[in-house]
Amino acid sequence: MDPQPLEQLLHAVRDGRIDVSKAMAELAALPQRSLGHTTLDTHRALRCGHPEVVFGAGKTPEELVDIAQALLEHHERLLVTRTTSAGRAALAARLPRARVWERSGCVTVEPEPRTEGSGLVLVISAGTSDGAVAEEAAVTARMHGAHVEEVRDVGVAGIHRILSHTQKLREANALIVVAGMEGALPSVVGGLVDRPVIAVPTSVGYGASFGGLSALLGMLNSCASGVTVCNIDNGFGAGCAAARINALVKEPRQS
Amino acid sequence: MDPQPLEQLLHAVRDGRIDVSKAMAELAALPQRSLGHTTLDTHRALRCGHPEVVFGAGKTPEELVDIAQALLEHHERLLVTRTTSAGRAALAARLPRARVWERSGCVTVEPEPRTEGSGLVLVISAGTSDGAVAEEAAVTARMHGAHVEEVRDVGVAGIHRILSHTQKLREANALIVVAGMEGALPSVVGGLVDRPVIAVPTSVGYGASFGGLSALLGMLNSCASGVTVCNIDNGFGAGCAAARINALVKEPRQS
Amino acid sequence: MDPQPLEQLLHAVRDGRIDVSKAMAELAALPQRSLGHTTLDTHRALRCGHPEVVFGAGKTPEELVDIAQALLEHHERLLVTRTTSAGRAALAARLPRARVWERSGCVTVEPEPRTEGSGLVLVISAGTSDGAVAEEAAVTARMHGAHVEEVRDVGVAGIHRILSHTQKLREANALIVVAGMEGALPSVVGGLVDRPVIAVPTSVGYGASFGGLSALLGMLNSCASGVTVCNIDNGFGAGCAAARINALVKEPRQS
Amino acid sequence: MDPQPLEQLLHAVRDGRIDVSKAMAELAALPQRSLGHTTLDTHRALRCGHPEVVFGAGKTPEELVDIAQALLEHHERLLVTRTTSAGRAALAARLPRARVWERSGCVTVEPEPRTEGSGLVLVISAGTSDGAVAEEAAVTARMHGAHVEEVRDVGVAGIHRILSHTQKLREANALIVVAGMEGALPSVVGGLVDRPVIAVPTSVGYGASFGGLSALLGMLNSCASGVTVCNIDNGFGAGCAAARINALVKEPRQS
Amino acid sequence: MDPQPLEQLLHAVRDGRIDVSKAMAELAALPQRSLGHTTLDTHRALRCGHPEVVFGAGKTPEELVDIAQALLEHHERLLVTRTTSAGRAALAARLPRARVWERSGCVTVEPEPRTEGSGLVLVISAGTSDGAVAEEAAVTARMHGAHVEEVRDVGVAGIHRILSHTQKLREANALIVVAGMEGALPSVVGGLVDRPVIAVPTSVGYGASFGGLSALLGMLNSCASGVTVCNIDNGFGAGCAAARINALVKEPRQS
Amino acid sequence: MDPQPLEQLLHAVRDGRIDVSKAMAELAALPQRSLGHTTLDTHRALRCGHPEVVFGAGKTPEELVDIAQALLEHHERLLVTRTTSAGRAALAARLPRARVWERSGCVTVEPEPRTEGSGLVLVISAGTSDGAVAEEAAVTARMHGAHVEEVRDVGVAGIHRILSHTQKLREANALIVVAGMEGALPSVVGGLVDRPVIAVPTSVGYGASFGGLSALLGMLNSCASGVTVCNIDNGFGAGCAAARINALVKEPRQS
Amino acid sequence: MDPQPLEQLLHAVRDGRIDVSKAMAELAALPQRSLGHTTLDTHRALRCGHPEVVFGAGKTPEELVDIAQALLEHHERLLVTRTTSAGRAALAARLPRARVWERSGCVTVEPEPRTEGSGLVLVISAGTSDGAVAEEAAVTARMHGAHVEEVRDVGVAGIHRILSHTQKLREANALIVVAGMEGALPSVVGGLVDRPVIAVPTSVGYGASFGGLSALLGMLNSCASGVTVCNIDNGFGAGCAAARINALVKEPRQS
Amino acid sequence: MDPQPLEQLLHAVRDGRIDVSKAMAELAALPQRSLGHTTLDTHRALRCGHPEVVFGAGKTPEELVDIAQALLEHHERLLVTRTTSAGRAALAARLPRARVWERSGCVTVEPEPRTEGSGLVLVISAGTSDGAVAEEAAVTARMHGAHVEEVRDVGVAGIHRILSHTQKLREANALIVVAGMEGALPSVVGGLVDRPVIAVPTSVGYGASFGGLSALLGMLNSCASGVTVCNIDNGFGAGCAAARINALVKEPRQS
């Protein structure tokens, strides 16, 4: 991200120390990052609604603390996903404003006072055991600027439960539907609303659920009505996708 | 099925030509069928509600006619499944009372006047393309003595459609639920009634439906509430299973 | 489940404060639960033969005790499935009438004196290692009001063993057949009786048994004769399905 | 959809012929449809941007024409997908304003003069053989009111090709990325923009592409950055999902 | 297969034209075939009980005739497998002593008068649709010198049928068990006899039989009792394996 | 296994207390076991070369000791497979003549002095990590009366190693080939000998070996030359199958 | 590929019309292609040894001729793969110097007189049915400048056949090993040479070969010794990979 | 590896104690190893660039030390892969010049002073979690004589990162590309260079990555451009394959 080589080259052009055709050749050979094409990353970091994200799985508590502290020197908002309980404990002990989400293993840091997000993202889950994934989705969407609400325990075997929330479903900018064994919930939700529906299969299940594959296939086969699908247990991905939609609805010309 | 060897043996015992311990040894060595253990098959043929069944797939029209005519010499009721259109035409032309079911490829023969079955078996299907399997299930159950009704086109993406039939669902002795891409319908039905629900996945579908595997897995993962599952496209098997339940409910001590 | 909005609306109609056409529009917009469609759940709880069920997997001993105690304030019969040994110990220590089923990990509570169920459900298992699933099925069916008997260790590699039980098989209202490596037993049983047969594949096995998939596929491919299948290791689901059939046979018009 | 029973009930309440508690009980037992919950379907038909859709696969040319003519009596916009060439020919011959899309097998009917959609949906495809699916997605999105542009032949093995479109990518409200053998394109696109990206795997491919499964898995594993996935070859589903997002961005409070 | 280089080398050693250490180095570099290790192939052709085998699939009728005629110049016994009907017709028309096996697509040529094989190989099949594979196994074993008998239509759903053949089963040197949907038959047979049992799954089946995979897995999971398995539909392989055992039993020291 | 009912029946026939036709009816209804059809099991136990077998997996050390002691009251030879190290220790401590096989987890008991088996069964393994399965196969075959030799570490990547054993390979009555990652060894062996070859895939392997599935598929696809296959890691099954062949070769008319 | 915008920008910098920081921002926004990074494609077309390649599958004969004629206006060497027989006929009739490869469906055009390639690439195939893929690999490598030789019909079931070619194997710069049912050949070859070995599984096979998956898995599991694998039936890919290695060996500093 | 029998035979020929034809017969019967065909192995050990390799998985620390010490008596270079931390510690403590590679679990021993390899092999990895596999590949290639450089963290979701290394990519004799969830990186790299590209999928990933299967399929489907693939996580295999290419480029006529 070092603009120096490019800057020096342009100064040399300006000062006549290098002619234009030679500069063009050198530009073509410069490593990509020096040319500023990585500004997407910079933009991302600067845009206030977006947090820095650390994928916690496979990192030791000490590594997590080091990475988090380094990031917080330059950023105000941080989302760490998939921490172990030891990782969560270390982050909570060492980061002043850390907030721990036990079910999903997320840890977040935000500036005080916390600002409420805007634009409704609704996270719907079928069973209590889908809670970890639903929380990861909800925390992710909220950290990306959305106002998030959750509707829980509305599996299709008791169909009246989801029906009783029909009005709320129709108010959301994006709906995340998390379900394990029965991958059918997104089909039902997709039939009740005309808003974008993002389905997340979970690995919860027994027997021939095959670690979420059964739910994944069920959800893919419901796509006709405009439902799209994330990877198994990928609450983070669903939260990001919903937040992209929500941000666009709130501010259609932001890019 | 020849009882002669057994009879001769017992006569020999009675007449003292062979002693008991020797007779016991010979009995142990007799082929199974001589002992009458095959009476199950005979019982099955005699019990009036049950048709003879011919699996039509892979048989030529001429073979089908030959088999059907041979069976109808000794039986009044015949069910031929999975016929080709040529097979159906040959059977219709050659068997006086043959009735052809175009969608499912079934052909049936019954004594006139046809007696209406009794005990409700309900066949529910999600999409119009599931019609062939649903019809095979319905014809099978009816030929085994059930009164059959069909509820069609009630997929979960328009959930109000199945809900409008709730009362009817609760009257059935057994419910067969046929669904392809969305294997979710049995879960919904199983949550609305306390009667036995038999799910049949169909191979209708596109993309990652894998010839019905997606629907099959979805249905297996709904079993917790008391739903059981048949093989993909196996309308015949579902019809038999529902008929077994229906017969038992109508006449609890028939065996 | 709050009937208030509906009640207020009807009072307004009665009192002429709102006209009929307006009331109809408001009714269409009311959340589903207010309309009483959830009475199914209520019915379920009231019907005396049915226990409350808690899925124990993934819950701490303390959570299990809390849930169980809360349910037992309003219900007399409780079935907890898939407990750990710690969970079982906690429930046994804290619930006065708790009964522990070690092989399957079930815990049950019933009013004293225990009433014997009625209508025979037969649970047949192929090998000793299928015992946990068979017990889960048996306990579940019994807690739903069935009289349950078990036939064990009758795998098809010693075919005479199942044959020696033929008479007993023919007396059952529903048969649950539990088998692991060799998914063939339901085919054999389905050929011996005309009663409903529910097959449960188990994950017991080695090599290419793929956690029960081999047995599952074998069972699905036997469906033609009227056998239906539950998910792998799903003894609970099989017990529910058998109990639905048994209840219907005992009392054909109960719903 | 008959409001009569409900109306009669409310009249009876108003007239004092039935008291409120009795009316509440009767309401709970009324079939769902009478309560007006099916208005969603009616809403859908009335909302002007949405076409009627006919899934053409498995229907004869004559059936297609019949269905299309019946729908066009009451609707102005029609989308028929997955037609055979015979089906396309029949529709083109019999429907005055029919427009045929050869690559994807779509047929569309719109009122003249055609109104240009608004809000950019971009359809990006990796190879020429992905063209059928890309066209189905594009036609679907356009028929649902979007302005659609296509970017073709930008597979990742020649990475500079997609990079040269970066500016255009950043202008879209939703991006549909269609790719077969190499399911990697959505990852690249998702890294270049912050808008919602919908990936569609295609069944084009050879060897171990397994009818699109390889591309599907690749796309699911890119979800972390906010990409969501449709079923294999499901251009229609992707078009619907993109159109939902686009409609919401254009008119955030329309539902 | 040219022994010349080796012979020359040894002559050179004998004549002292090359010393031993140099000869050892040259030997190590000689191509394998010169050393006579390929005599196995020659042995195979000479051993009278073994036919020449041509795999007919993918060869034109003319190619088949050419190959067969070339082989019959030097051999008396020929087995062609997996021919098309055109291939069978061509071979029957052009080879004087050709014998056609319609169900399996085999064509055989033997010297007249045909000698009856010896040592019993029993081929057992579950359903009529397994007949092609069973015939391929039987023809193969017979062409390799075995006396072959067939037992047909003894699926496990009618278990008494196989039991009635128990005595015959116990007389065979090797048993080939061919079964499709229900891969259970080898387990039953393996429990009735102590002779080697070779299982052949067939691709016959519907739904989740997956082209024989279901039967294959079922058979593999029965191996504990000493059953071994061939590839799906591989009647030829099973016939070869049974013939190897049979030959060894008849003539224990033949190799 | 109680012959009493049968004996009483025959006495009644002999004494004229029951006539023949009535006796025949009662015989058909008698449970199978009373008729002596279970003599197969008895034969099995009596035949001196065969051990009692206990499958050790899933049994506690105490259970193993109890079962083993009970069996040794009536039998001289015992094979326990798949023990844990604790199980092995318990058996070794409590059974006087127990012999422990550490690699495979087998424990055997035989009468002293041990008699050497006869008839060569050769166990060939590709890598050192296949040793546990190879030992299980070898111990099983030896306990069933075979003389067993092992050839180790002869994978196909160093093809000269197996070739150097060609003479030994040709002396065996049956060859068991154990291989993991490279399932190719049975093809090579099957091409070198004309004796029965039994292939055992092992779950050893990494990456896309899928717990032995890769080796299993490789072995099944080599079957054409007369190789048959056991389940993954099923050394016991291979040992039984080889012993069946070996016993038959040694004593062709033993059954 | 238009350098103009970049040139204009640099001129503006040189002339002081735009300052350096502004120029840096504009550079970051320029489309990638203007910067010359796409020169790879140009290089590829110019380098004389490389042909233009057309993937023929899915293209009509007329389309193939059009594309080929257009390419031959600017290039001398052309490779068309996967043509139908109609496509081959059309190309042969319309392109003066076209050469048709019947087995693989390739068509090639080269300048006359044809120059022999250099650097040995050896294509080894296991069975005659692997010939199409082997020829595609050989033609591809030859068209990319290699001298190609083929070794055919050297499956591992007759291991001496491949051994007799050991010397030739050791002379190749790269070895392509094509095999279907038995994916073992690359392991054997990889153990005989120290040169790069590229394995190509073919879809030829029966039963559980699963369209080449079995061979693919076998080959992947042989990788330890330095074998790498191409997609099923991908002779073209293997030819390209071998040609890359061969070109590098011949001219190590060419890039 | 004992040349004695061969030597004695040749001496007997030389001395006339045995005639040539008898000697030829005896030669054919000699075990393979005596003939010197195992010289490949010897060659391998002698060729200075190649280390002895020990596969550490499944071996105890003590076993590893014993094997390593034995090998180091006769060899100077040793590579131990897949050690546990205990294994690494034991080797480091007991082998004087051992060097431990923590991420990959490799341990190496080389003569001092270490000689730098030559010929560039580039190891490119997509994410930090692919580091273990990348290091195994790098260490393996270096131990086989290559000069190795690594490029890390260049996944396709941030495509500019790999583009900035284009120049370096074009200098390598072989490129190893290691990637987990997104198997797309090899396609991008293969499009940027004309050198051999070896792809290694890693098992890193979540949800539907299936232990690397998703990445493996993605990589196989990129093969068209000349990319070849190793087994999942098989850094060692990729290192060997790259080293074979590199050695050949450096010294084209070495074999």
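Read from first to last, the chains carry the letters A, B, C, D, E, F, G and H; within each, the first residue is number 1.
Definition applied: contacts are C-beta pairs under 8 Å (C-beta built on N, C-alpha and C of every residue); 3 or more make two chains touch, one makes a residue touch a chain.
If you're wondering where the values come from, they're calculated on a predicted model, not measured in any experiment.
Enquirer: Going by the contact rule set out at the top, which chains touch both subunit E and subunit H?
Expert: Intersection of subunit E and subunit H contact lists gives F, G.
Enquirer: Touching both subunit C and subunit E: give me those chains, sorted by label.
Expert: For subunit C paired with subunit E, the chains in contact with each are B, F, in label order.
Enquirer: Given that subunit F and subunit G are copies and touch, would you call their interface same or different according to whether over half of its residue numbers are shared?
Expert: Same, since over half the interface numbering is common to both chains.
Enquirer: Let me have the rounded angstrom distance from the C-alpha centre of subunit F over to the C-alpha centre of subunit H, please.
Expert: So the centroids are 39 Å from each other.
Enquirer: Report the inter-chain centroid distance for subunit B and subunit C in whole angstrom, where each centroid is the mean of the CA atoms.
Expert: 25
Enquirer: Where in subunit H do residues touch at least two different other chains?
Expert: In subunit H, 37, 40, 158, 163, 191-192, 207-209, 213, 216, 220-221, 223-225, 231-232, 234 touch at least two other chains.
Enquirer: Sort out which chains touch which and give me every pair.
Expert: Pairs flagged as touching, ordered by label: A-B, A-C, A-D, A-G, A-H, B-C, B-D, B-E, B-F, C-D, C-E, C-F, D-G, D-H, E-F, E-G, E-H, F-G, F-H, G-H.
Enquirer: Taking the touch rule as given, give the residues of subunit D at its contact with subunit H in the complex, in rising order.
Expert: Per the stated touch rule, the residues are 155-159, 163, 181-184, 187-188, 190-192, 205, 207-210, 213-215, 217-218, 220-225.
Enquirer: For subunit D, which residues are in contact with subunit G within the complex?
Expert: 129, 158, 160, 163-167, 206-209
Enquirer: Can you list the subunit H residues touching subunit F in their complex?
Expert: So the residues of subunit H touching subunit F come out as 29, 31-34, 37-38, 40-41, 57-58, 201, 203, 212-213, 216, 231-234.
Enquirer: For a test of understanding, state which residues of subunit B touch subunit C in their complex under the given definition.
Expert: 37, 40, 44, 47, 163, 170-171, 173, 191-196, 198, 216, 220-221, 223-232, 234, 236-238, 240-241, 243-245, 247-250, 252, 255
Enquirer: Taking the touch rule as given, give the residues of subunit C at its contact with subunit D in the complex, in rising order.
Expert: Those in contact with subunit D are residues 3, 6-7, 10-11, 13-14, 16, 20, 23-25, 27-28, 32, 35-37, 39.
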